[in-house]
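Below, chain A partners chain B and then partners chain C, in two separate complexes.
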Partner chain A sequence: MSMEARFELLRRLSHAFGPSGCEYEVKEIIEAELAGLCDELYTDRLNNLIAVVRGKGDGRIMLSAHTDEVGFMITHIDDDGTLKFDAVGIDVRVLCGRRVVVGNDPKNGAAERTRVHGIIGAKPIHLQKGDERSRANKVEDLYIDIGAADKADAEKYVSPGDYGTFDTEFKALGGGCYVGKAIDDRFGCAVMVETIKRLRKEGVTPGCDLYFAFTVREETGLSGARTAAFEINPTRAIVLEATAVSDIADVPDNLRVAELGKGGAISIMDRATIYDTEFVQHALEVAKQNGIKCQIKRYVSGGTDAGVIHRTREGVPTLGISAPCRYIHSATSVFHGDDFGSVCELVWNLIV
Partner chain B sequence: MNIDTKQLLAALCEIPTVSGFEARGADALDALALRYFDEVKHTPVGNHIYIKRCGKPNAKKILIDAHFDEIGFLVSDIVPAIKDGGDDLTGFLRFVPVGGVDRRLLSSAEVTVWGKQPIPGVITSTPPHLQKSNDADKLPEFDKLFIETGYTVRELRELAPIGTPVTFAPGVLELKNGRIASKSLDDKACIAAIIETAAMLEPGTFDCDVYALFSAMEETGGTGAMTATFGVQPDCAIALDVCFARGPETPKTKSAAMGEGPAISISIATDRAFTQRVIDFAKSKELKLQQLVEAKRTGTNGDVIHLTREGVPVAVVSIPLRYMHSCLEVIDTADVRHTAELIAGFIREGGAI
Partner chain C sequence: MIELLNKLFSAQSVSGGEKPVMDVIEAELAGACDEIKRDALGNLIAYKRGKSSSPRRVMLAAHADEIGFLVTFIDEKGFVRISPVGGINWVASAYSVINFENGTKGVLVPDADAKVGEYGADKFYVDIGCSDRESAEKLVKIGMRAAVAPQLVELAGGRIAGRPLDDKIGCAVLIEAMRRLEGNPDDVYCAFTVQEEVGCRGARTASYAVMPDISIACDVTGVGDTPGAKPMAVKLGGGAAIKIKDASVICSPELVQELTKVAEEKGIAHQHEILSAGGTDTSQMQLAGEGSVAGCISVPTRYIHSGVEMCDLADVEACVQLFVSYLSR
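Up next, the complex of A and B:
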């Protein structure tokens, strides 16, 4: 398969509009991909999409990837037609000058699905005074410009409470790397879709029932995974993610976390979870036996849906596998194409 | 002759012209502009001078200037992902700014490295997960930022050696009300206005020779305009540039409204009588023209053109633009057309003195 074809789905998922709380477009793409391939495919009360593939034996493995991405919410429309906003999960220093899309969905009570292009404005350098040139912005100082003439004009397209995301074209860089927005966690979503397709293509019946949960609102507090895990009541869980790494120039070894191109990063511990020791050892063993690249995440940072899944009901042994990803939570996250294959292969060998 | 302004702007903004590299854009510019002129001269410092003759003997010369260069960066070093890690590791490009680049825009910005081939890249940043508690208040210095392209050190030495120019990624974004956002609309918006001016000037309808100067190195001090004006020896000149458009964070006294036509500078640094002629002409034809008072200097090529040789009567006309020197500057495309109509009309009415 050509590189382009291999990442066609991830490209579409990366482009999709899916800030926390408005993930409908992402879900629609996944639903269309999985139509006719699952034993059950349903949307639960919080808007998680659950795809079920029945297996031979007892037990239920929950595989989880979140559909939402970091983004914005419009808080106010100014008299001059620019939009004030709050950012969710984003370092304010990566906002200035970026392209964004603002919109909402009928499922959230809006009259229609809206998508409006804009940019995050910046005071021209010529007009900056004193230490403004060397000081980071505060989110209160920033605004989105959609080209509206004034407040009344802007109100034709946008309402306070609308959502926003970055607007970045997914594309290949050199050395097998790719750049795009929302790689966290459309990467995990794409791995799950590929896994279901492969199960059907190869006619493989897994050892136990598999519940693929495409969860909502991870970035704002792991909400979707919390209720999904309760409903599914899994015996084990595998959380598929993209994790922040910084294996770049000028970063000391102890802060690099993991390396692009060296396979999925398996978490021992992060800020929300101590992962199941035996499950971790098992995954490392399976990777070794099958010659699949993987690495241990060498830093305690961030948190994933595992944070709520592993403490669901009486508790669930949980594993976390993440794509190493540079500049995560920015408009331009970078990952390595080979890691997609490595993570898919490891997941496959853990479930069949 | 009808020109699609948005298409022309997209094509112009696509040409990489970091100050000092304007000569490389000659063929691309010729392809867009030459058909509307009679001759072109590409000068040693990277100026492109397109001439439209009126066909009359001893005709006066009017110089219409817009600068072709844009702010950007130069590659200053190629650094491996791990210090002393060797040439087969991923390489990261250190870079230095050319012209007034705002550091607040850089983290996570998309750029194009104009090496042996155009190479897409992104500027590095530290994800929030890996920051210390007060990191978000600090703006990284240039020496803490890199461009990532995915290529190894060895490949980059070949593809993008030290000195390679870099710009923000090209691409035009359409906003509401005919407004567009792109890199380098400062001053490609005015290049477009001049090309449209030339397209409007039918042979036999004007009495002076028009010298369209697409000048080099404005962002780094006006070298292009200085030398080209010396060579052309015009009888008068109009410098076209961009001014701050009214919007958030721009004081009313220093800005002009978008969509209301260009703004003419009222300044000690320009020729007040010549400026008044342009204003009077606009009034007589009911053309949109705003006024912007800039007492001491205009900060445009007008300041240098005015003081060339014995001095040149000069007026400065500017298209309002938001977010100047950012990766996504915004203009109203109607203002490009308003500007072209003003300049073409002024030339036809015998504006040259």
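Up next, the complex of A and C:
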């Protein structure tokens, strides 16, 4: 398969509009891809999409990837037609000059699905005075400019409460790397879709029932995974994520998290979860036996949907596999193409 | 008590790696309960049937995990870098002997240029005596757990010092209470929980399984009776500390009153505890399902999260008696 074809789905998922709370477009793409491939495909009350593939034996494995991405919410429209906003999960120092898309969805009460292009602006350097030049912009200093003439004009396209995301074209870089927005966690979503397709294509019936949960609102507090896991009541869980790597520049060796191109990063512990020791050992063993690249996530940082899944009901042994991803939570996340194959292969060998 | 504590101390149980100490606890509970179960997260729940015709479900909990470290990196000279598991006091941990879960030993040392005020995980390494990465990797693996070596010394006046009294002293209290308990009217579910030190995670799933009507934790609490200590009414040797509140929970007033009444009636030394920082498994048990009447009997402890945590054995005995008396009434 050519690289272009291999990442066509991830490209479309990366382009899709899906800040936490407005993941509808992402879900529609996944639903269309999975149509007719699952034993059950349903949406729960919080808008998690659950795809079920029945297996032979007892037990239920929950695989989970979140559909939402870091983004913005419009809080106010100024008289001059610019939009004030709040950012969720983003380093606001990297925002100025970024292209963004602002929009909403009828399911969130909007009259229709809207998508408006804009850019994030700030006072130009010529006009900055005193300490404005030496300090980074705060979110209060920034605004989104959609080209509107004034407030009344802007209100034709945007309302307070609308959502925003980065507007980034998915592209191949050199060295087998790719850049796009929302790789965290459309990477995991794409791995799950590919896994379901492969199960059907190869006519494989898994050892037990598989519940693929495409969850909402991870970035704002793991909300979707919490209710999905309660409903699924899994006996085991595998959380597919993207992790920061800090594998370049002046980061000393002992503070690096993982490295691009060396396979999925298996977590031992992060801020929200201590992963199941035996499940981790099993995954490392499976990877070794099958010659699949993988690495251990070395630094204890961040948190994933595993934080709520492993504490569900009477407890769930949980494994976390993350795509190494540079510049995570920015407009331009970079991952290595080989890691996609490594993660898919590891997941495949863990479930069949 | 000393013998039991030594057994519990010898089984390292850094959060997420509690199985060795659970095996010790299970052996110690032999004959003291009707059923023992472990759940998916590794919690051990011992059940003792109640004699009442309509028994309530009473859950007890002490956490079996201890604070420690996780290996994150081994450098080319064989020095081992670590991340903390739970609330590590770096000043108290500096220059300590470290035990890894496979038996490898090392010493925890701050970088030579680290100032005390900057102490943190990034400034510490474990020297295991190896001079290169290759030989170190034969002994220690990324992801391996480790802890400051346990110790237990007997001091004057029936006091003991060492680590990890938090919360193996609580485990010892509950083991002893289960051994002494006879003819309890209510069903008792005695949980030895995992992962308390990283956010009371084990107690959450254990209490979902038990769905208690009443729940009582047993954990250590700080004291205000040492030089420079923050004012606090609890003191070492003052008896079992009946918790009123900490940063994670407001205990159910009716249970605080009931425990106080039982202590007064039986002449058990007791005091009331209001802890300004820190939390316990009580917080999770109180919120299980539709909620439970929840409290905590604490063992007053000096120097918590250091290598020389200190308890008074008379307080420990008072805690055991209060549990047994409350559960027997």
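We take it that the second predicted complex is superposed on the first by the 352 of 352 C-alpha atoms of A that agree within 3 Å, B and C clash if a C-alpha of one lies under 4 Å from a C-alpha of the other, contacts with A are read in each partner's own complex, and residues count from 1 in each chain.
Criterion: contacts are C-beta pairs under 8 Å (C-beta built on N, C-alpha and C of every residue); 3 or more make two chains touch, one makes a residue touch a chain.
A quick note: this is a predicted structure, and the numbers were derived from the prediction, not measured.
Asker: Using the overlay on chain A, decide if chain B and chain C clash or can fit next to each other.
Answerer: Here the two partners, once superposed via chain A, fit next to each other without clashing.
Asker: Mind working out whether A:Ile268 is in touch with chain B, chain C, both or neither, as first, second, both or neither?
Answerer: A:Ile268: touches chain C, not chain B.
Asker: Using the superposed model, measure off the angle between the directions from the CA centre of chain A to chain B and to chain C, in steps of 10°.
Answerer: 130
Asker: For A:Tyr299, decide between first (touching chain B), second (touching chain C), both and neither.
Answerer: Once the two structures are laid over each other on A, A:Tyr299 reaches both partners.
Asker: Using the superposition on chain A described above, determine whether A:Leu255 touches chain B (first), chain C (second), both, or neither.
Answerer: In the superposition, A:Leu255 contacts both chain B and chain C.
Asker: Going by the contact rule stated at the top, is it chain B or chain C that touches a larger number of residues on chain A?
Answerer: B
Asker: One more residue to check, A:Gly315. First (chain B), second (chain C), both or neither?
Answerer: It touches chain C, and chain B stays clear.
Asker: Once chain A of both complexes is superposed, is A:Val280 in touch with chain B (first), chain C (second), both, or neither?
Answerer: In the superposed model, A:Val280 contacts chain C only, not chain B.
Asker: Using the touch definition from the top, say if A:Ala148 reaches chain B (first), chain C (second), both or neither.
Answerer: Touch status of A:Ala148: first partner only.
Asker: Look at A:Val334 in the shared chain and tell me whether it touches chain B only, chain C only, both, or neither; answer first, second, both or neither.
Answerer: First partner only.
Asker: Tell me, in angstrom, the smallest C-alpha to C-alpha distance between chain B and chain C in the overlaid model?
Answerer: Between chain B and chain C, the shortest C-alpha distance works out to 11 Å.
Asker: I'd like to check the shared interface: which positions of chain A are touched by both chain B and chain C across the two complexes?
Answerer: Common to the two interfaces on chain A: residues 253, 255, 299.
Asker: Spell out the part of chain B that touches chain A in their complex, as residue ranges.
Answerer: Residue list for chain B touching chain A: 79-83, 90, 92, 100-105, 107-110, 119-122, 124-131, 136-140, 144, 146, 148-152, 155, 171, 173-179, 181, 244, 246-251, 254, 259, 299, 322-328, 330.
Asker: If we count contacts the way the header does, which residues on chain C are in touch with chain A in the complex?
Answerer: Where chain C meets chain A, its residues are 15-17, 39-41, 43, 70, 72-73, 75, 81, 83-85, 122, 142-143, 195, 198, 201-202, 204-206, 208-209.
Asker: Would you tell me which residues of chain A are touching chain B in their complex?
Answerer: Counting only chain A, the residues touching chain B are 78, 80, 82, 89-94, 96-99, 116-119, 121-128, 133-137, 143, 145-149, 153, 157, 168-169, 171, 173-177, 179, 243-244, 246-250, 253, 255, 257, 260, 299, 301-302, 326-332, 334.
Asker: Using the touch rule from the top, collect the residues of chain A that touch chain C in their complex.
Answerer: Result: residues 235, 253-256, 268-269, 274-275, 277, 280, 296, 298-300, 310-317 of chain A touch chain C.
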